Every structure is written in C-alpha cells, then in structure tokens.
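Okay, handing you the structure first.
Going by the order they are written in, the chains are A, B, C and D; count residues from 1 in each one.
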Amino acid sequence: MNKQCASVAKAVADIPSGATVMIGGFGGSGAPIELIHALIDAGPTNLTVINNNAGNGHVGLAAMIEAKMVAKLICSFPKSKDPRAFTERYLDGRIALELVPQGTLAERIRAGGAGIPAFYTPTAYGTELAEGKAVAEFDGKPYVQERWLKADYALVKAERGDPYGNLTFRLAARNFNPLMCMAARTTIVQVSQLVPAGDIDPEIVVTPGIFVDRLVEVTDPAQEELLNEAEARYP
Amino acid sequence: MNKQCASVAKAVADIPSGATVMIGGFGGSGAPIELIHALIDAGPTNLTVINNNAGNGHVGLAAMIEAKMVAKLICSFPKSKDPRAFTERYLDGRIALELVPQGTLAERIRAGGAGIPAFYTPTAYGTELAEGKAVAEFDGKPYVQERWLKADYALVKAERGDPYGNLTFRLAARNFNPLMCMAARTTIVQVSQLVPAGDIDPEIVVTPGIFVDRLVEVTDPAQEELLNEAEARYP
Amino acid sequence: MSISDTLNQEQIAWRAAQDIADGAYVNLGIGFPEKVAQYTVEGREPIFHTENGVLGFGRAPARGEEDWDLINAGKKAITLKPGAAFFDHATSFAMIRGGHLDVAILGALQVAANGDLANWRVGDKGVPAVGGAMDLVNGAKRVAVLTDHVTRDGQPKLVSKCSFPLTGVACVTRIYTSLAVIDVDRDQGRFVLREKLPTLSMEALQAVTGAPLFTEGDVADLIVPELS
Amino acid sequence: MSISDTLNQEQIAWRAAQDIADGAYVNLGIGFPEKVAQYTVEGREPIFHTENGVLGFGRAPARGEEDWDLINAGKKAITLKPGAAFFDHATSFAMIRGGHLDVAILGALQVAANGDLANWRVGDKGVPAVGGAMDLVNGAKRVAVLTDHVTRDGQPKLVSKCSFPLTGVACVTRIYTSLAVIDVDRDQGRFVLREKLPTLSMEALQAVTGAPLFTEGDVADLIVPELS
C-alpha cells in the first residue's frame, strides 16, 4: 500500500463543485496552503468550506474566497488581520456563514469522525447560537444538542507522513488537522517530509493511517503569515 | 509545581469507602498493579470500579474483588483466563455488574472528561444492553443515548511522566489510561520513569499534565500476565 | 439430515480471506475469525486493527518473546509491522464506529435473514460479556460472519429470526459457512446465495437453512483448497 | 457623574493576577486579559492554556524569532516553557468544557447580576465572530471578567440584565473593574462587593453600577501598585 500522490494538483483533481471541504489550520498555523492553491488552480465552485477562520490577506482560504469558489463557510472566527476577502462577500450576501463556537466546531468534527451523530454541550446554551437547537437537561443542568460535521474532502497539513498515512504534526500546527482527517470521506494530506514505513515510532503517531487517503510531499511549505507580510496574492 | 508522591501508599491513602474508581488497562496491559495493591492495603470498601475487565487470577483487580472491596463493576468483558474472583461473587449476587459495550465504555469515559453529558451511538441499538435508554433518529437511522461516566479517582499506569504530569504510554498499554486521566476528579498515575520537566518532547506527550493530579514512580512495574503465570496472589 | 462434505474452519477462513482487498483495514474477532489472517492472498496487504489500540500488527511472537504490553483484543501477544500505530481506546472505537474499518469478521450463534446477528450470549445464565462486538457490527463498512452452517446438533444457524439475544440489528452483510457463501440483502431482509459446495444440491442446502435462500443470477461453486 | 481616580488596565490585570494560585491552569482571553500573565505573583507558577492546543507557553519570542506554527489563540507568536504539551483542538476544548481549567479570564461588554456575560457581539451588524468564548465561560471552574467599570460614555457595564447578545448564562464568578472587585452570587443572582477603591464612597460606586451591590461582611480596600 502506498497512499502517495505525485503532486498537489493530482491530489485534489477530483474535488467537484458543490463538495464540502474541511481545511485544517488555525489562522495560518497548520493551514495547507499548497493544497489550497492547487484547489484554486483546479477551480471547483459552490463549495462549503469548514475551517476555524475565514482567511487572511489574499492567499490560502482568502484567495479561494476571492476566486468565488466558496458558497458557504462554517467557522468560529471569521476575523483576521486582513479579513476583507470574506467580509466584503459576507456583507453583501454572496457567501453564507454558519458561525459555531470553537469547541463545538472541534467536537462536531470529531463526532463526525467517531460515528457520533449528536451530542450535548453546555456551550452556547441561552445564546443566539443555540436558537432552534434541541435543549435537554442532564442532572439538572441544560445542554444544547449539536450534530456531527462530516465532509467529502479534508485538506490537511502535517509534518511527517509514511506511505500508510501515519502522521505527526509540527508544534501548534496540529489544531484541527487530526480531527478533520477523521471526518472526511477522502482525506488529502500535505506532509513536509514523507518517510519510509517504520520511520515514525508507532507510539508517537498522532493520526493513524486509517484516517488518511492521500499524501503528497510538500517540502518547505509556505506560512500564511509570512506570505501576508510579503503581501503575496494567489494566483 | 510538582505532582510527585513519595509512595504508592501515600498516593492512594485518601480514597474513601464508597468512592467510584476508574482503573486503567486492558487485561493486564496497562493495569496499574502497584497502585491497585496499595489500595488493597489501604482497604476502602463498597467501591464502584470502572475497568474494561473484571480481573484475572488473584492479583490486581481480581485481588481487590477477593478483598471484598468492590460493590459494583462497570465493564465490557468480565471474562479472563481465570475470572473466578468476579464470577463467583457475581453469580451469588455479592457484586453488581453494569455491562457496557467496549466502545461505548471508552466514549462514555471520554465524554466525562470532555464535559459532554450525553451522546448518541449506533452501538447496542435493538439489543438488551440498550433497554431503558432513550433512542433518537438522526438522518433516518436509530441511535441510543448514552451518558458520560466520571469517577472520584482514576488509577492509571503510564511509561514516562514529568513533574507537571505530562505522560507517555508504552505500546498497547495506552488503551483506557489516557481517557480515565480525563474523567476522574483525582487522577493518580504510576509511571515507570519520572523525568525532569522538558524531557518529554511536547509533541509526543499523550496525556497533558492538566489531566493528572498525582504521580508516583514505580520502576520495573509488575505485569499481571507474568504474576499469573507464577500463580501469584495478593496480599 | 447430515451433510458429510463440509468445509472446515481453515477452509472457511481461507474463503473469507479471498474477499479482503489490498490495503483493507480489517478487524478479526477473537478465535475462529483470527484464522483469516493466515490466508491473506499473495500480493495483498490488509492492515489489521485490534480494539485495544493497535493498527498494523503481525503474527504472534515466538514463545518466550512475548511483551505483555503488546497484545490484541484476545489478550494474546502480537508483533508489529512497519507502519504500525498505537492509540487510545476512544480513538480505536472512533475507527470502528466512524465507519473507517473496511471489514469486521466475527463468529455467530445465529444470523437472521435481515442481517440481525446474535453472537454474544446464549441465554440469561452465567456471566454476560460483550467486549467490542456491538460496536464492530454497527461500525465496519462490511460485517462478515464465519460459521458452521448448522449447530453441533444440526439446527440451522441461519434463521428467519434470532432466538438468542441480539448483538446488532440488520448488520451482517455476508456469511461464510461450511457449505456456502451467502449475502444478506438488508433492504429486502433476505438471504441471497452466492456460492455453494458443488456437491450440494440447492434442496439439501435449503433444508439446513432456517430461512429461504434467494438467488440473483448464477450460484457459483464454492471451491477451496485442502487445508487443515 | 464622573470618577477621576480609577485603575488602569495594567492595575486591573495586576489585581486579577493576585487571585491565581500556584499551579493553576489558566486561559487568558485575547487582548486586555493577556496582561494578567505579566503580573504573575512571585513564587507562583500558573500554567497557561491556549485554545489552539498548547499548555505551558511563555512570553512572546523576540522580533524576528517567531515560528508561525507556534502561536496562541490571538495568533501571536509564543514560546514554550519546560513541561509544555501540544494537543489537538478536541482535546483542547475537552480541557475547557470538561472543567479542567481553574480559571478563564475574559473581557466584557456587560455582566449581569446573575452572572450572564455579553462579550462577543454588540448588535446584529457586521461580521459575527465567537471563537472559544462560549466554551470557556461554560467550562472553566472560575470565570473572571476584567473590565472598566463603565463604558466610554459612562454607562454601567455591570447591569441587571444584559442588552447585548449573551456569551453565556450565569457563568461569571468574579469581576475585576477599574473601581472594584465584585463577586457574582449566582444562587441569588446578585453582585456582592468585595473590594473598592478606598477613595470611593459606596454611594458613588453604586451610582455607576447598573444593579444593586450587596455586601457580606467587610468591604476591603482595593489597593494596587502604580503601573502603566
């Protein structure tokens, strides 16, 4: 078995218009910039994107939004240093937003990966973000029912990967990435280093290969923060 | 901060009769034998124990049962090579059993640690283990509602630990141990090696120290399987 | 009636192994189903999962070389292959419940025509123990059963309705028996015969099966090597 | 009315830091609450948590030495202390929601006498963004608020009922303001004054507070060092 793809272009080539796509990262940390840019080149439209944020500047997710590929965004914090790509389209109604508290977003994605169709959380109880949701009491305390989140595809950034898809992540670039690996029908991962099977100690694997479908090596990947400092723009 | 205890005896000394105690391990793998034996020495009674199994032979959890300390067991598989300690008491009604499917047991413990009071699972739907439980349909499929599991104390076995309580686990001895660390009010861990802060690479920490209250070093810990081969008996 | 020419457990396991694709993620139940690993088809590499948190394990170690922190769900010592991974129990059952396993292969007391499975408990006596069976049957993409076609005293194990306590509802997708390979058409709640021993008549097979056997197109000959 | 002698943000943060115990697990909100870390009491070592999966981080790195994979929830570069750990977002919020954090310190638009907090949105204009605030206020053992006592135009921020959209219901346990330290008695739904600036009369404080201030025993003097 070898899950390796020859290029980022091939790795994302079959993502169709209308797909739901999870994209890992928290701000620029752990954002799979090269996979996102390959998807911009491929050009599917009408996508639902699940990410913690809504892009920054004119690269990565922000560039996807500028390329008119995103119909709906599910996120917790659609603000950044330069959120104009999203803000402008949201305010004039060209992009839909489902705002989800960050912990609920993480747990809904994990639930999607773990086969848990719904769970209860105290988060957002009594707020407008719980409107229309079922509420139940447990041990005298009210909780909000939340549903799992799944995706057709996940775009993920990892540090090391082996041909089986076992992954490690770098520093705080882990964030949503391991969860999204679990919750998509097809998980596509860019790894900074592809290593032979057996090179990753089984005890330190963070994402076991069963959650990964495709791997592509992107050595020396771009950092969104540095691209933005350089005022980069994609394409 | 230093969470280190001087001895296994001191680490478990305050566990009172009537407490709910999670005990890590899957069979003998990852079972904190030295902490269990210290608890037998301390002698609280009327305990509710949460473990995947019900003990094997006459050491560890089996010895706790033989010492008449356990009023109720919550587990998925109360069988082993030599399950007599539990079987005899269960069959004549001296110990209560709550049987839980293994994945539901794991998820309920995780839910307890993660502040999720209830969740839905397909597991056990339509079986006697779902009797009396709420059922709900999601996307046309029926699911069973399950509640979180929490404990007053958890007894856990880990491989390396630092003074902050960061842990790694050895091979498949991980199993329920990291989950139980999350779900107990007081988590007590025996580590085979206590190392200085900073010695465990932050990227390979399996259980972050926030989930751990007390650590005690037990070098060269006993393996239940080998104790049983030697027909050991505790005390 | 009795049927003298039947497959043994090795042969049933061999037949089940033929349906496991290269790269498939597979969980084998304790006991009889574990034999399937021995008959992995040349050139294919399934990846074996065990409930207690290991993916990518291999054969048992030599006697005396066991490490009792490295065991499978049956509490037997195992070894690792390159590319293995450890994880906690919640992640292990996320793999199962979340639909990431390609196939779970289990034993059975009874399988009903709608795919109901009974394999964890005979009655209400003794100590009940369920382990991960109820999770596996509700999670894996395919749930296959290995079983003798009838009980020791000749009663059908493939039935119209299970009399033993259920492990799962409408969960079994394929049954490998000592006489036949049978799919469960869960939409219509019926058995569909795919293969049978060539020496066995349809009538004789139906006579030892507790629910009607349907066919869709040809029924192939169930041919397996000599194994013991 | 106007009150000239008030604490600045540094001083409010200093006061909040006095209540953080050695070894406490602490999450500081983006912006103003982050200042609390600077005033950690000598001899105490709180452990700081950030939503994006880091426990045990320290000060910002020197300019030019940032690693943009090592940031906090405010997307600012951080450094690690010995004993730090990384984890995924689900585990990070398990820490929050599961009650493992000792204290979360947040800013506020309004706090009601029953502990309701509004701090994420002023109205229904613009782009809404919530981040982890709703999880933090429902998860941490103590939920502390740092705030000026009144808005820029002199309106009370401590109110009988929030007019802005809620972040959480009956969640705040203590409020550190530019004039006072006030506990929320969530059982009785009332503010309990613990400390006030010594130069400030009870009447003057009540006049800029939008709900009654109760007392239980003595009200201590709120005394902080000169800081800027």
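The rule is short, and it goes like this: contacts are C-beta pairs under 8 Å (C-beta built on N, C-alpha and C of every residue); 3 or more make two chains touch, one makes a residue touch a chain.
What you are looking at is a predicted structure, and each value in this text was computed from that prediction instead of being measured.
Enquirer: Which neighbours do chain A and chain B have in common?
Expert: C, D
Enquirer: So how far apart, in whole Å, are chain A and chain C when each is placed at the average of its C-alpha atoms?
Expert: One centre to the other, that is 36 Å.
Enquirer: So what's the Cα centroid distance for chain B and chain C, whole Å?
Expert: Roughly 30 Å separates the two chain centres.
Enquirer: Which positions in chain A touch two or more other chains at once?
Expert: Residues 107, 110, 114-116, 121-122, 169-171, 202-203.
Enquirer: Going through chain D residue by residue, note those that touch at least 2 other chains and give them in order.
Expert: Residues 54, 86-87, 90, 93, 96-97, 139 of chain D each touch two or more of the other chains.
Enquirer: Go through the chains and record each pair that touches.
Expert: Those chain pairs satisfying the definition are A-B, A-C, A-D, B-C, B-D.
Enquirer: Once bound in the complex, which stretches of chain B touch chain A?
Expert: 107, 111, 114-122, 136, 138-139, 141, 143, 147, 168-171, 202-204
Enquirer: Please name which positions on chain B make contact with chain D in the complex.
Expert: Those in contact with chain D are residues 1, 110, 112-116, 162-164, 166, 182, 196-198, 202-203, 205, 208-211.
Enquirer: Across the complex, what residues on chain C touch chain B?
Expert: Going by the criterion above, the answer is residues 50-54, 66-71, 75, 86-90, 92-93, 96-97, 116, 126-135, 138-139, 165-169.
Enquirer: For the complex, which residues does chain C have touching chain A?
Expert: Touching chain A from chain C are residues 22-23, 25, 45, 47, 49, 54-56, 80, 82-87, 90-91, 93-101, 139.
Enquirer: Spell out the part of chain B that touches chain C in their complex, as residue ranges.
Expert: So the residues of chain B in touch with chain C come to 26-30, 52, 76-81, 83, 86-87, 90-91, 97, 99-107, 109-110, 121-129, 169-179, 206, 223-226.
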